[in-house]
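Letters are used for the chains, namely A, B, C and D, taken in the order the chains are written, and counting of residues starts over at 1 for each.
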Amino acid sequence: MVSLILILVSAVFVNNFVLARFLGICPFLGVSKKVETSIGMGMAVIFVMAVASVVTWFIQYFILAPFNLDYLQTIAFILVIASLVQLVEMIVQKASPVLYQSLGIFLPLITTNCAVLGVAVLNIQNSYSFIESLVFAIGAGIGFTLAMVLFAGLRERIDLCPVPDAFRGTAIALITAGLLSLAFMGFAGLVKI
Amino acid sequence: MKLPTFPGGIHPLDNKATTATKALVNCSLPNELIVPMLQHIGAPAACCVTVGQQVAKGEQIGTAVGPVSVPIHAPTSGEVIAIEPRLHPVGRPLPAVVIRPDGDERWHKGLQGYDPDSLNPDELRQLLQQAGIVGLGGATFPTHIKLSPPPDRRIDTLIINGVECEPYLTGDHRLMLEEGSKIVDGILILRQILGVNQVILAIENNKPDAIDAMRKLCLKTPIEVQPLPVKYPQGAEKQLIEAITGRQVPSGKLPMDCGAVVQNVGTAAAVSTAVRQGRPLIERITTVTGTGVRNPQNLRAVIGTPLSHLIEQCGGFSDDPGKIILGGPMMGNSQISLEVPVIRGTSGLLVLRHQDVSIKKPGPCIRCGQCVKVCPIHLQPTVIALCARLGLIERADSYNALDCIECGCCTYQCPATLPLVQSIREIKGAIMEHKRKH
Amino acid sequence: MLAAVACLGGIGLVAATALGIAAKKFAVEVDPREAAILAALPGVNCGACGEPGCSGYARAVAEGRLAPNLCPPGGQQTAEALADILGIKIKVKEPAVAVVICQGGDNLARQKYHYLGLEDCNAAQKLAGGPKSCPGGCLGLGSCVRACLFGAITMTPEHLAVIDRDKCTGCEQCLKACPRQVMIMAPKTVTTHVLCNSHDKGAEVRKYCQVGCIGCNICKKTVPEAYTIDNLLARVNYAQADNAALAIAKCPMKCIRDLVDNNSAEKPGSDETVPAG
Amino acid sequence: MDKALYISSSPHIHSGVTTDKIMRLVIYALLPAVAVAVIFFGLPALKVLLICTLGCVACEALCCKLMKQPVSIGDGSAALTGILLALNLPPSSPWWMALLGAAIAIIIGKMIFGGLGYNPFNPALVARVVLLISFPIQMTSWTAPAPLSMGFDALSSATPLGEMKSAVMLTGQLPEMATSGFDRYFYGLMAGSLGEVSALVLLLGGLFLIFKRVITWHIPVSFIGSVIVMAGIFWLIDPTRYPSPLFHLLTGGLMLGVFFMATDMVTSPITARGMLIFGCGCGLLTVLIRLFGGYPEGVSFAILLMNAATPLIDRYTRAEIYGDHHHDRGGLQ
């Protein structure tokens, strides 16, 4: 139980996927202009990460490992993740057209999102059990959402600021992301895994 | 005992001492009276006299147009010398009747007083409308409308506003000291019209003499005098209701929606005059004050007196005037000319010298939160003002910009000296237009 | 080898089946033309077409509610592209630019009071009709500058709006922002304009502005077909403006200008003979 | 009536409390701490203070010139950032580090976002954290306070928090200095940054600010309160491993953070409820990082993290407006 909590805390804060491992930067920068959108994107990522880690865990331990096909890991995982994202895209488009529109290109981009693949691969690398994998995936997703929502809040505020022309847009977003990441450095060493 | 009040608000220097101790003075008649057809909230009155016509004091020169409107009366006897647009306190020329007084002060024949007990509420309301009674606190909302709640609203409290929370102004204060009995009479007529039991006269406790005087006069009446702590905007309708009853007027609704009606003490006195003597509202008390006036005092001036005449009556300017404000310093309008006349809503004329006008340039908002703290409506003025500057209409609306009462507390307190109220007023206009379109 | 193919193939097959079913179940219909139109639009969301943004306009065009030539920033190219997508022919709108018809900067026109407060023309206009004595003159607080999505308007140090004719797309946002209608739309081909917006009598105008039109009719006498006098204010008749430039030198108040050819007359204010206000 | 009149929208009077006055008051409140730092650490401290303050002012002036804006150093905010930054640096900081810190604080921390009022993070803390991560050696070499010496031959020493952390790491037990003798910390006899030494003078400065109504009680009280509660819980669990709340309060940059950094108006919430949440968050994170994190001191990280959360806090703590009991909170559009 304690180890599960540690995995969760580590994935959310200490080794935050976006701010400490620098994975998934693309949607992090792209879909964080508004808090609502970023919450929606975060939920989608949590869902995809959880399902992907469950499916890839089974594929790893029931298909790839028994047949010594470990070398197919990356390609097989991407295949699974891509299909899952397609599925999510269809569901979102049907369920919430507004969210679908504001997510735009970034929803399909979760497909090739290093964060999702990262979760799947790290699960295997860290030899997590099934439950641990699930917890780690959800933690990573929550961490991603947390970083994204904080960042979206900051960006909504910066949108109202008279930022010098040269730094408008992505430039100031990257600088802010850097400062946010700096703040997350405070969590370093909080959990030793 | 802790006095009731409302959350938020500010404590500006009241600057009332210069005029609060001086007795009311009757202002002389000027050579020319400018009587605008719009002196109330609602449709402007329609002019019913012609150039060259002789009018008597109290004669109707403008008739009410529609229900939310009141007639306009000749403030004195004389000749109509022009009917044309003249500069109005709102800052642009509006239709007005110009009268040259003949000095006779001849009253109109048809005016007749009544015993209020012999009339029913509807007759009284009609009497008030014909007398042109409007809220004299500054808002100038027609009184008969305020006294006509729809049958499904039950009014249980009548609040009489003797708070006078605007700095500098002391007209209501003097009125309570000098003509308290008239106020009490007017309050009882208002009570009769509304048929309520609970009547509360609210006075800020920086006027202890007025509280004492009114308490004595109200001893044998159902009127209860309630002292309130000194705080701006205690006299704003919504805040006064919250302080007295603890109830809040629902957002976007009227005071009668929470069972209360608020009337100013000046209005009460005018009601008494209108009913007992049959005399319409043709004069009001105006506080002429400020560093730029040589001899500040409270004047009883007829409607239409140009500001230049008021200044003359008070000994002229003491120095170069920098800002001329009609009303109090918190909610009054600055004027570009002294040719503007006194109208029914003119509670004060404040003149600031050139050197007293703060011309500090606004700086950036430092998010100190002072505006949030003092806002009596609990808005976030700085956020709304920022949205206004960036034209984010929907976002400003989501921050309830329309609920702003423009009391000015936020701007008074803002360390960056940002014109918050002005920004909010702008975005309110834009939001209303946006809502009309969609 | 076989195991690898079988394995990936199997996974692929399962995924494909699942996706196929989902595609049926969650199908949403979209008009493909709408996306194509949106892609062809400039994407500045200026609102000149009357819709809230480019996507709204795209939908309206696809549904046939609006014509495809209503996008001023896109101009003719966009209109043609949209017409192609819809398979129809359109009439081309003549390109127009906004013109500031006022030359009365702080140095040449009087202020009736010191304005303190929000840097916004609409807000200032509400306070006693704006600080400028002239009822039509540019207030110079920059509402149009902020309204322009294309950075085509700048403020001179004398607080007078200046339009960059090359950057102006004719979207008319500045016209909506200006409380005094100091901006008008004019065909881009016409470069001679009467730069005044005051209908007051000549004597009044002279009191507050050194470069205001006094309605003296001299321009109309010089080139009758190119000028109209509307209520004491001269205007260039844009339909027949070919010879309008001939009146530039004749104008006693120097308020007719060629906006492109700066040498056609000396700048206002630099001239000693300008009547003092 | 010779001169033209002024016209403006209502109201026509002002409280007279302006931004530069607020900044001046905060600087006054910091002066005792500055004096104590100079007395305890001698000339090196003075050097750091001067470089940081002048550096910040110069950087701001430079940025304004580059951005073609009116130079805004008159409002005193740059000088204040400089003093706060200096109070966050060790007395032995080399000159180049102090100058670099000043540049980072003003340029990256503030001007890049548009200047005063727009920076989401506290500029002085941004600079401190950047320096801490970039130059860990220089940023963690402390000198022991030696009142009224010139300070050039200072002995190196460890901060109480650093000493506690290493002792707990090595032995799993608190060292003696973390269980008794807190009065010397209160007066200021411990190693640390310029502004960490004396809780007493900082407390006085903070109370002065509250008395002058520059800051409200919300953030300091919730910050200190949550530190006491959080530290108290751990202390009650195992007093040999976790130090008492009093130790937490008196050591490190807590007092400086509580009264001068967390209460920075620009980067903290504007509603009273938001301020309480902000303060609690700061307190919890501070104790967590101090007890379990990799860094001995967590105040600056905690405040920066809560700075990041400020827009969200503001968004979800809007007060119920007058006359609207069913107001939908948090909805922006």
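The rule is simple: a residue touches a chain if its C-beta (ideal position, glycine included) is under 8 Å from a C-beta of that chain, and two chains touch if they have at least 3 such contacts.
What you see is a predicted model, and the numbers here were worked out from it, not measured in a lab.
When the C-beta pairs in contact are tallied for B-D and for A-C, the bigger tally goes to B-D. Of all chains, the one whose mean C-alpha position sits at the greatest distance from that of chain A is B. One finds 48 Å separating the Cα centroids of chain B and chain D.
Each chain gets one centre point, the mean of its Cα atoms, and the points for chain A and chain B are 60 Å apart. Chain C has its Cα centroid 43 Å from the Cα centroid of chain B. Touching of two or more other chains is recorded for residues 334-336, 357, 359, 419, 422, 425 of chain B. Multi-chain contact residues of chain A (touching two or more other chains): none found. Residue positions of chain D with contacts to 2 or more other chains are 5-9, 114-115, 118, 332-333. Touching chain C in their complex are the following residues of chain D: 4-9. Interface residues of chain C, counted against chain A in their complex, comprise 3-4, 7-8, 11-12, 15-16, 18-19, 22-23, 26-28, 55. Contacts from chain D toward chain B in the complex involve residues 1-3, 5-15, 17-19, 21-22, 72, 75, 77, 114-118, 216, 265-272, 275, 318-325, 327, 331-333. Against chain C, the residues of chain B that register as touching in their complex are 91-92, 334-336, 357, 359, 389, 391, 419, 422-423, 425-426.
For chain B in complex with chain D, the touching residues are 10, 12, 167, 238, 242, 248-253, 317, 320-325, 327, 329-336, 338, 350, 352, 354, 357-360, 363-369, 372-373, 376-380, 382, 394-395, 398-400, 403, 406, 408, 411-417, 419, 421-422, 425.
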